[in-house]
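Shared chain: subunit A. Partners: subunit B in the first complex, subunit C in the second.
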Partner chain A sequence: MRLIAFLFLAAASLFAQRPRYGGTLTVETRETVHSLDPASMPPEIAALIFEPLAVFDSTGALKPGLAVSWWMRDPTHRRTQFRLDDGITAHDGSSVTPRIAAVALTAPGRVATVSGDVIAIQSTDPAPNLLTGTMLVLRGVNGSVQGTGPFRVAEFEPGRRLLLAAHETYRGGRPFLDNVEILFARQHADQLRDLDSGRAQVIDLLPSEVRRQQQRGRRVWTSPPQHLIALAWKRDRPAARNAALREALALAVDRQPMLQVLLQRQGEATGALLPQWLTGYAFLFRTPRDLPRAKYLTGSQTVPRLVMQADPSDPMLRPLADRIALNARDAGLSVRVVQSGPADLSLLRVPLSSVDPAAALEDAARALHAAVTLETLTLEGVAQAERRMLADHWIVPLFHVPTMLALAPQVKDTTPARSLRWRAEDAWLQPQ
Partner chain B sequence: MGVRLRGSFLSALPCLMYAASLEDAARDLARRVNDSLGPRETVALYTRSLDPNGESAVLERTLNRSLAPRLRPPASASLTVTVSENIRGPLLVAELARGEEGSFFLAPYDEAAPAPRAAQSALTLEARLMWEQREPILDLLIAGQQMIVLEPGRIAIYARQEDAWKLRQAAAPPPGSPMPRDARGRLVLEDKLVRAWLPNALCTFSLEGDIALRCDSRTGDWPITGGTALQLPASLVPQRNHFTAPPMPPFFTAAAWNGRWIVASTGGQTQMLEPDGQVVAALGNWGTEIAAIHAPCGMSRFLLAQRQTDTLEAIAIDRDNRPASAAAPIAMEGRLAALWPADSGSAMAIMQSLSHSTYAAYRVSLSCSR
Partner chain C sequence: MTFRTRLLLAFAIAVSATAILVSYAISSTTTAAFERLDDQQTRQLAAQFQREFEWRSREVTRRLDAIAASEPLRHVAADLGRTGADAAPYVDLATSLAREHDLDFLDILDREAAIVSSAHYPARFGYRKEWVLEKIDWKTRGAFVDTEELPDSQATALLTVRTVSSGNSPLYLIGGRRLDRDFFESIPLPAGIGIELQLGRPDRGRGYRGAAPDLSYRIPLASRSDNLQAALILSGSRPELSQLRGFLRWIGLAGAGAGLLAGLAVAWWASSRVTRPVRSLADGAREVAAGNWDARVEVTSHDEIGELARAFNHMTLELAQQRDRLIQVERVAAWRELARRLAHELKNPLFPLQITVENLQRARLQHPEQFDEVFRESTGTLLAELASLKRIVAQFSDFAKLPAPRFERVTVAPFIDSIVRVFEPQWKAPDQPPIHAAVSIDNPTMTVEADPDLLGRALRNLVLNAMDAMPGGGRIVLRAFQKGASVVIEVGDTGAGLTPEECARLFTPYYTTKRHGTGLGLAIVQSVVADHGGRISVSSSPGHGATFTLELPSTRNHDGASSTH
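== the complex of A and B ==
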């Protein structure tokens, strides 16, 4: 029995064909990259160049990455030991030995040592996510940066363009594509134009564009709903410390019209931080709109004018922010939407980059500047922690939305279902 | 604001491994609910499923039985048990509500996937599931009471014990050049000797006694077409997923056909070729996997191919070289990762399920109904 109804792959003709080697894929995105530090890159780009020590597969199970075996006997999670896989080569073709890896993994707050073929990392702070959260970055004496991933950096124009070339001796198999060219900071209108003209083969897609692209015969790749759209109050603002106001706004928001119209049913309304497909319990966090109670909460006091900030670089957020301001007015709250400057609360889109519920909750807490205490890392422990985080309406989850890409007809891939990123290393260009 | 973390991270992950049945999970849930209730507390039980087509009869029956003493009216609490699902699989979610207070319990469980159904016709194409696993399968071979599974990094031999396959031994070919993406592999049995072709090695071993792999980095010609009189000396292009056999064009798979070759070329077309490479007929786009098998009635020969998504077909070619379906296609959901002739009357189809991240090997054959 499979309950999940989301369509993660839309390729009708994919499965009859073996992959073809060769070609250059051009990807356009509104994101921008100014540095080759993987921590400052979108994870889907970092994963093409660098590799972590371990990865979660699409079912949330921990699998080998650069490390083939590991153990953490330290209950404080400050010490991790592992063995590296054989045959790891850097992009310049040199072998990555345990000693070389240990030097690369040593960083402020973290020391890596080698004993035989075992690498041990001692961290100053607890690091339970070290295996999946640490990518191997090899730095040259001249400041150059390289990784071990399926693609190497061929050309880089910060903020503008990144050209990746296939890593010929990648131990996971050379990618099918010869090159991936990524163009940054592209406006949506420009991306659509380039897809139409054939200049680009993969572009970002907004919910309002999905149906049109499908009607034009384009493939639309959709991830699981992995981005959380939520309101987060700023704890240092006087208005935010009013619990009644926070509850009133949470009860005033009407999610369904926004989901139907603004998001074109791409995603799901939610009252949970983590999505239903990941935890299976998100439906427990209900989202009733209770306008009478919201009015009661605001009616008994003088309500200040609230300022809500929506990131101007994210075109999905401003229409939602405007709609939330209208909902708030129905409850007697006055909300002004701004692009920058001091604000009482923010409308945010937070990507969840892990299929492990505990790690995903930590990611969300970090992005929302919230505290989370996970007593245990069982699913029930995560659920309890999530409930505590949402108890006082400092955070109001609104929607979980997917990543959506439009792909030119000749682009094929074997990205697994429920993958959080479209895998360029598993893509190829089918001759037309 | 920071993150405080206690408890064991990686050791918690096995808690997410689902091995219990729905009944076991329901009983476990009932026990935990029971433990959380006071001596005189009773509950009103509701069950539901997030899947509109899902059934909860087993769940209801098990919960009613396990919580019977608690189900007497009037209820002091309500218990709603929902059949849900998360990234790992099915999950029972129980909400226990006492007035404004609530608590919840979670119990994952396991569920087997159904096998594909064969269509009904005079000539019937059938697919029988032989094996399923998470790791990629390149080829699979049954030799009496033993099964050999060829994986990119390992050869595993299973022995039949009490209606189940148990791993007898596994051996890894010596590491060589990196395995290409979309690796090819082939198993052939000659008496009790197994030959395993991999992109970077040809390994041989006997099925008798302990398995001792003898591997050579020179793979030579691959046995593309099985035991036919007409052989095609094909070599796998290094670090690629297709073959060359001059004067044929580069191809993914090929089948012998009445002294000629049916070839799924890398150019995207399936062609009928003379042994000297001359094109006899262009048959269209049949995908990249084709294999030839015999039907037991009349020993007619047919081609297997996946001309349409999620289906496998048996195709006959008439005297005018026109292809036509010879039997109702069968549904085979997923990506056809490999199709090799197993013997004259069957082929081994390796299916990759991207939704379940599994590989399954099916023996595909034709049967003749009267």
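== the complex of A and C ==
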């Protein structure tokens, strides 16, 4: 009897763990999407609709995506050749042939040609990350945007709502979920309320909310630290051109209390642009607080009142900005935090765009309005470029923070550990 | 300034000052009375407000006590009391507690006074407020005023402190309400009463904000430290009081204005009434001075002015009578003088006549042979003395019947030259003592309205007198100049001069200092000058000659009166 009961429970447990098809997963995010251009939407959303030619795995190795094989013999990285996988279907069910793909991949500054089953892309500028950075965007019969990813666009209300439906003939297998509804521009408090009420199953989470959600029995998914929080001076502002002020502010910031209290130890303090897990050398960029030196630098001159802008749509940044202003005041700097308008410097959160250090550094520099010169694409070259970028304190890296999501109990998934994004295509809804 | 003007000013000042003082006194007294009453009311209001404020303070304390006694905070205190406790998870606690208990400020501090959580300044976690560790029994200490730091500013707060004990690690709570306009507006006050919070340091004086009120009442508040003094200022800018004060002020001004006008009117009437008889007296005196000896002043009162008028009338009557008597006396004296002079003048030629006739008789009787010669000499003497008699008669006749002047415009310069030319041959005659003439005319075109014959006679008489005064020769000065509306003609000599007594009698008819002469020459001059409406005077001293000054009006009115300015 006891054995039967045990077997029954084991079976029930197994049954409960097995993926189930169906259901609509509602995701709420503070991000907003106004266009179905994959370049303008968060990568975690773009990855549901479109697929790149190749992907990096968790170890940073290049793996096949739409392309199964490729070769880049051009040392200038202007020419890339690859062969498409078989069985690629678009969201409308049509097969994606090399010719169709070539047409879709042709863009200003880039020409794709087909020779047999080999697609060659000739770029005007060097494109070393073409395979991982290019998503295949197709046009349907009616001109609608479609991809080859696990979900297709069913409904789109720019800036408000995106409804994705499962791609039935997805080459990687139909997703478990029938639909993924993504609600954009949702305030953090509204997301929490909807999670509590069951209206949403996946929401963004602030570091201060992690413990509370865990205490409520909700699963919290965190990625590796992949968002850089940094201060970036505006180079056209007179105050920014004062090197002593920049150094004083960099030395005045006390990262540890902010990491422990405001970020609730979610993430890591850093002095580097790229995270330690990506480059392995981030620890070399030390970030000690030197208040006496900061005071010395400010005490020897007339210090103007600085204005720091923190993005009002990112609730994580304002408390950090207020604390940085307080640290600056300890060093004799007067900093006023604003949400908009002219500012001498900005507090930004920049997502890691790639697991390729060179590509990530270039994208980070672009986001921080800084120039970067990569002499080589090697890790050493990246390190040197990063050091040059940080030399004059125009950019002050502060933290690397993860993506944090709160998941309703019924949400199950097989997202691999250390994944940079939570994979909705690998998720299902368990009946409650 | 005339007497009437002085009187007017004196009356006006007296009446106006009295009216103004009375108005001021009344309005000041009334205003003070109303202000006292309002002050009393304000004090009552202040006491009421103070009670209300204290109730609000106790409310703040009660809310903080509620937080301190709440379960979450006790749990936090217990948690943070453990060794190695992590305060990070409670960084947002103060925000939710403050919102729940409607507090503007809430800090939760650990045993070392480091901020664990701050509702109004979340970024200040870890910073310390060491003053909370002072040896003060916060349980009994009521609410106090302090300044709280905010991210971009400072705020004034009514705070209280509570301790949450858990083992050996107390938690400190600092909570309160913002002392701003909303706080004070939540306390009911009558209309017109304003409230301002005064914060200052003893060495820096007042930190008053707002406009100066009509009335103010100060309510001191407890502050955290002696370096910060806090007080509430109740300002009673009540519209009723302001209106009343304004009304009283206007009443006072109106009263003063009315008093001023009344004073002026009374002063005008009084001064006019007082000065009218004085003016009459002055007019009467002027008439008397002008020669109207019959001028009388109307007596309209029985006071001193009436007495003065009666005295004036009596004076003029006496003066007229005395003038008549004097005229009679002078007339008699003049007749006597005339008779004396006539007798004297006639006696001179009559005696020689008599002697001559007696000589003729004697010669006929005693010396018939010399009778023809004696007859010739005697007849010559008779004829000379008869001529003298005829001259005397002619002078008297001339003086008696001086004609009325016939005026015409006479240019002074050539007129005087003509006088000089008449006498020049005589002055330059070789057998005569030399007489030098000096003529000085200011303005060659100067004219005077005069009778040239009469004026010429007068000037010739003066020149003759001057020549008679210098028997040994000398200098005659003729000078003419404009003096205002008059023309002055001076005739001076360098003779023996005159004594003051002689100067005084000089113009009396028949008075002469010469051995021979009728004494009518200067009288004729004086009569001519008087007919011209002028004046004649003499200045002289013994040994320094004499100067006769004729002052004649330049023009005459149509009625014959001289025109002067």
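Things worth noting here:
By our rule, the second predicted complex is superposed on the first by the 412 of 432 C-alpha atoms of A that agree within 3 Å, B and C clash if a C-alpha of one lies under 4 Å from a C-alpha of the other, contacts with A are read in each partner's own complex, and residues count from 1 in each chain.
In this section, a contact is a pair of C-beta atoms (placed from the backbone, for glycine too) under 8 Å apart; a residue touches a chain by one contact, two chains touch by 3 or more.
Predicted model only: the values in this text are computed from it and were never measured.
In this overlay on subunit A, subunit B fits alongside subunit C without clashing.
Look at A:323: by the touch rule set out above, it reaches subunit C but stays clear of subunit B.
Of the two partner chains placed by the overlay, only subunit B lies in contact with A:60; subunit C stays clear of it.
With both complexes placed on chain A, subunit A has more residues touched by B than by the other of subunit B and subunit C. In the superposition on chain A, A:211 contacts subunit C only, with no contact to subunit B.
In the superposition on chain A, A:264 makes contact with subunit C only, while subunit B stays out of contact range. Touch criterion met: A:280 reaches subunit B, while subunit C stays clear of it.
Of the two partner chains placed by superposition, only subunit B is touched by A:362; subunit C is not.
In the superposed model, A:417 makes contact with subunit B only, not with subunit C.
Annotation: superposed on chain A, subunit B and subunit C show a minimal Cα-Cα gap of 20 Å. Across the superposed pair, subunit B and subunit C touch subunit A at no common residue. Residues of subunit B touching subunit A in their complex: 1-10, 12-13, 15-17, 49-51, 54, 82-91, 93, 95, 104-106, 108, 111, 175, 178-183, 239-242, 252, 266-268, 285-289, 306-310, 334-336, 352, 354-357.
Note for the complex: subunit C touches subunit A at residues 86-89, 91-92, 121-127, 151-152.
Interface residues of subunit A, counted against subunit B in their complex, comprise 1-4, 8-9, 12-21, 57-62, 72, 75, 77, 86-87, 126, 128-129, 168-176, 235, 276-281, 283-284, 355-356, 358, 362, 365-366, 369-381, 383, 414-418, 425-426, 430-431. Residues 208, 211, 257, 260-262, 264-265, 319, 322-323, 325-326, 336-337 of subunit A are the ones that touch subunit C when the two sit in their complex.
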